[in-house]
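Some structures to go through are shown next.
Two complexes come next, and they have one chain in common, chain A, joined by chain B in the first and chain C in the second.
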Partner chain A sequence: MTYASYLYFFAFVFLVYMIYLIIPVKYRWFVLLAAGYTFYIVLNGFLTAFLLVTTVSTYFCGKQIGKFQEGFNAKKKELSKEEKKQLKAVVTKNKKAMVGIAVLINLGILVFLKYYNFFAGHMTRFWRLFGFSGGMPVLKLILPLGISYYTLQSIGYIVDVYRGKYKPEQSIGKLALFLSFFPQMTEGPIGRYNELTPQLVEGHKYNNADFSSGVILMLWGFFKKLVISDRASFMANSVFNDYQSYSGTVIVIAVAMYTIQLYTDFSGCIDIMSGSARIFGIKLSENFRQPFFSKSVAEFWRRWHITLGGWFKDYVFYPVSLSSPFMKLSKTAQKRFSKFFASLIPSAAALFVVWMGTGLWHGASNKYIAYGLYYFGLILLGMLFEPIAVKIFNKIKLDRKGKLWSGVSIVRTIILVGIGMMMFRANYVMDFVHMFLRMFTTQNPADIFNNTVFSLGTDKHDFLVIFIGVVIMLIVAILKEKGRDVLTTAATGRIPLKWTIMIGLILSIAVLGAYGPDYGAVDTIYAQF
Partner chain B sequence: MEDLLRILSEVKPGVDFTKEDDLIESGILDSLSIIQLVTKISDEFDVEITPLDLVPENFKSAETIYEMIQNAED
Partner chain C sequence: MENEKTEKTEISENDEKSVNDKNEEKAESKVSKIWFYSKKLIRSVCFFLILGILLSVIGYALMPKNNSQKSGMRNEHSVGFYSESAGSIDVFFLGNSNTYSAFSPIELWREYGIQTYTSGVGYERVVEAYTMVKDLLRFHKPKVIALETDCIFSEKKGSDDIGEAIEKLVYSEMPVLKYHNRWKTVYPEEMFSSPEYTWHSYSHGQYVSAAVQPYKGIRLITPTSFVEGIDPITLFYLHSIVSLCKENDIELMFVCAPCIKSWKYQRHNAVQKLADDYGLDFIDFNLLEDEIKFNWQKDTRDKGTHLNVYGAKKVSKYIGKYLVEKYSLKDYRSDKDIAKQWQKDYKSYLKQINKTKQQKVASEN
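And then the complex of A and B:
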């Protein structure tokens, strides 16, 4: 992604918005659909075919599920209780088959394109362990933009229709819009049909508050991305790509830099996208809620990439936990183990599935599997030690909700998340292990003062800018945590305040943004997933 | 209702479930405790709770959970 592409995107949003306002309200959703496909075709070319396959298959399977259900509803009044039960079993089987087809097609495309080479590589290595030659061929596969996001949206839709949460969409155009709304195409947030589609097809008139909120949110996103994230990336890249050359002190600072980079990159891009949607009067789902104020890693994942966690909760964790094999496991555990372990074992098994899925969703690599399992391990340890922790806190009479322990918990969570970030960014799992060990074996605080830290692409001036940027973000986050949303207040408040904030953000981006001849363009991280 | 209150206190000891009216917002119940709760409810009340029932509105208080069980019994 080049810096010019941000300007193109800004221009694209406003061009589409102007056309949107010209068209009669009733037909405005057509503009969004056309914009989504234009955006996608420009960026993806012929790979748009995959999006079309997903849209068409999801549409027809959803409609068929609706027909099965309607048929059952029409007949059930005339049937006896036993006949109704029999027919329901048949209808449920048919509906499940439709869900199966939709999931097989859509998840199949994603799994094949994203994981085939990873799987083939492992199979070939396994094959050769036994002295055989050859193996599975490596294919040149290109991943269509946003496939990991729109596939989850389509599966969520089809499962909800199956569950009877809402009726299937009768207009293929409206379903296509749900799966191709352009602000969501690159990095989410992962939308839900019943929350998003009514807003998309409604047709919004110009609203000053929405327009101002959208512009300020976009500028805030650009500020995070261009002023903070891209600067932090330079040092993080230097150290992670050549960690053997640096001391543990430098590695700790690089991990902090990467954590800042990833958060400001991902949340910044989500702000840009949410802001561009807000201009049209459309509110996208919240994806971040001050994650670094979390008191546990479980809470962190309820505040970080919220729509992914929510998706896994509703479409993996709950159905897996309530499935008959897991209910059987639960009953067996109740017979054989104490109350504590009887409830822990099935939960742990379901969590394992969720975290393996979350890890793999990020990419086809051992490090992402390790990343998922790392959080699974932490959450499991938390559950295992909870009874002991309760006893200890009761004995020493320390209030777990008090300020002191809350502060300690926040710092502990940041450290644990930092370790997770190191695993996420390291090129390989073993790189992470070596970097982690170097943090304890090669500490050299002198590196902070002898210019080593400032010679890795992010100089003293950059550090100062990052520091100021992080302090501003911290103030905004603290106020939001206390229920005061500065950005919305600015957008809907008095004109002088609104313009001060807007001009302040524009000047910051123009003067402090990491672009120009001395800087390279930095791709957004979550767009590659 | 008494059976439900007993199950709730088994899943989350030390909480007065007769007084709490927003178990989700207050962080008392999370997805893990909801699953533990639902497993016990399905077992003791012999009802089928589906993923569709697992929405925050059904787990706001002991009363809303009780209503969900009654709906499942119907």
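And then the complex of A and C:
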């Protein structure tokens, strides 16, 4: 990716928007569909076939589920209670089979392309433990862009249709648009059919507020990505790739840098994408809600990558908890354990599945599994100690919602999340372990003053820019937490304020952005998943 | 780009009024529509004007005020001609790293007394050569520009030519983007001072290295009638260079330095065809290696990628003769002031040769 690609994206959005405005309102969604496929084909070439397979299979399975349901609805009035029950069982079975086919095809493609080599490697190693030679071959697989995102969207759609949440889409074009809307093709947010499709299809007139806030949101995203994230990436890369050479102090700073890098990279790109959608009058789902103000890791995950957490809750956690083996587990637990554990055990088991899934979703690697399990462990511990915590707080009469404890909780959460980030960025699980230990064994605060910290690709000036950038983001976040969205206010406000913000952002990106001959382009992190 | 509350409210008010009123309103709304759009247009223009002014001001503040690396200039040897006395350079060699390794103004001076400059930039593309021509015209009015043709063909696989061209053009047109990172080093007092170019390149742009690392391989030249394609963006800027030279009465010629790694016969054919189309001279040293006694064992400093001073001497001797005969360039050796400066530069040149020779020996030990 070169910096020109940002210019392309800007140009692409505005070109598509021009065409969008020229076409009659009724047909405007065609423009979005054509734009989505153009975008995808340009970036991905023949791999677009995978997207087409997903679209077509999702469409037909969805439609078939609808037909089964309609058939049942038409017949059910004439039937007796008993017959109805029987027919319902048959229909449900058929519907389930359709869901099964859709999930098998789509998840199958994703799992095969993304995880085959990982599991094949593990299998081969396991195989060789017993003295066998050979093993599963390593294949050269390419992952189509955005497959981890649109596959989840398609599964969400199919499951919702199965559950009767909405009727299946009758137009394959509209379903294709839902799965290929270009702003969310590369890194989400993972959209829901019933929220997104009506907006995509209805066609919007030019609206000044939408246009301005879209542009400002895009600029804000570019600011986060180019001014803060790419700058922070240099130090994070130097330290994570060669941690043995640095003291614990440097490692702590690098972890903080990486946390800043990842947040500004991911949320910045989401802002660029949401901004470009907003220009068309389309609101994408919120993906971040000031995550670093969370008081627990569970809350953090409700505020960070919201659409992924939401997806796992609706399409993994609930189905798993309500599945028959889990119901059985729950019943057994109720018989054998106290009330507390009886409710804890089944939900812990379901959470385990969710966090394994979340970890693996990020990639086929042990460290991502460890990452998922880390959060599972933290959340489980939180659940286990909750009754004790309540007792303690009552005894010492500390208000858990008071300012003091909230502050402590936020700091604690940030530290725990930081450790998670370290695991996420470390090249291997063992690297993480070594780095973690180094933080306690090799502290050397002098590194801050003897220029070591500033010689790792992020100099004093860069630190200053990152610091100021983070402070600006913090102010915006605090205001948003209080219900005041500065960016939208600026977009709908008077010209002097709006222009100051726009020009201010453009100038800071132009001057302070980490682009050009002195820097290499940094790929966005979440586009690889 | 700019704002106006939506017209929706106007329209909904219209619905409630009588038909007569409506017609009047229609006429009125036509006027107001024109007013609405012109207001919008004016606002957009104002927005971009303010933005443009601010970008230019910041760009000026960050622009290097001298032509040395120390003052923030990139590739100082490629712009050393800024400080040469105005109009003194008769020949410019432009191109990528092959250029600054193969053409030696010092040798050309010693042999023929002509004043030349080698302005090469590593990985240069034609679009940059074009902006370099525009740049050098600010200071000099050369008789000849020799464009080294390796820059016509990009070696990078899957490189994005349009993107690269846009990026490089934008950089050359907008100093604020090219020099934006100088906010870290710029002194407040130099921000708004006027530029003064004083840095002098003793080698007149040549990369002086006496290191010898032989090329390990065989030189194959297999004639073919195939012609390699040139991408449209590059062709466009080649055409622009041709026109720019024509407008300024500059003789343009193509020259290809000895190049064992990326040269191909089909590239030679492509350039030859281009030269024929434009009626330009083309010298390809890859076909003259025997004539100039070029030796890939001795004349390269890095195993065949670039020439060293020995290779450059051979190439310069040949091209100098050609230039003098063809374009009747003036011999300045009798001008004492000019000769004095060249003599001084020659001493630095020899010093650098000795230094790089020793480096080579040291590294071998």
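Miscellaneous remarks
Convention: the second predicted complex is superposed on the first by the 529 of 529 C-alpha atoms of A that agree within 3 Å, B and C clash if a C-alpha of one lies under 4 Å from a C-alpha of the other, contacts with A are read in each partner's own complex, and residues count from 1 in each chain.
Note that a contact is a pair of C-beta atoms (placed from the backbone, for glycine too) under 8 Å apart; a residue touches a chain by one contact, two chains touch by 3 or more.
Keep in mind that this is a model prediction, so the values were computed, not measured.
With the C-alpha superposition on chain A as described, chain C and chain B fit side by side in the combined arrangement. Of the two partner chains placed around the shared chain by superposition, neither chain B nor chain C is touched by A:214. By the touch criterion stated above, A:163 is placed in contact with chain B alone, chain C being left untouched.
Remark: in the superposition on chain A the angle formed at chain A by the CA centres of chain B and chain C amounts to 160 degrees, rounded in steps of 10.
Touch criterion not met for A:189: it reaches neither chain B nor chain C. In the superposed pair of complexes, A:495 makes contact with chain C only, with no contact to chain B. In the overlay built on the shared chain, the residue A:459 is in contact with chain C alone; chain B does not reach it.
In the superposed pair of complexes, A:5 makes contact with chain C only, with no contact to chain B. When both complexes are overlaid on chain A, the residue A:507 reaches chain C alone and has no touch with chain B. Between chain B and chain C the least C-alpha distance in the superposed model amounts to 34 Å. Touching of chain A by both chain B and chain C, each in its own complex, is seen for no residue at all.
Within the complex formed with chain B, the residues of chain A that make contact are 163-165, 298-299, 302, 313-314, 317-319, 321-322, 327, 330-331, 334, 339, 343, 346-347, 350-351, 383.
Residues of chain B touching chain A in their complex: 10-11, 27, 30-32, 35-36, 38-40, 42-43, 49-52, 54. Against chain A, in their complex, chain C makes its touches with residues 1-6, 43, 47, 50-51, 54-55, 58, 62, 74, 160, 162-164, 166-167, 171, 176-178, 180-181, 183-184. Only residues 2-5, 7-8, 207-208, 211-212, 215, 459, 461, 495, 498-499, 502-503, 506-507, 510-513, 516-519 of chain A touch chain C when the two sit together in their complex.
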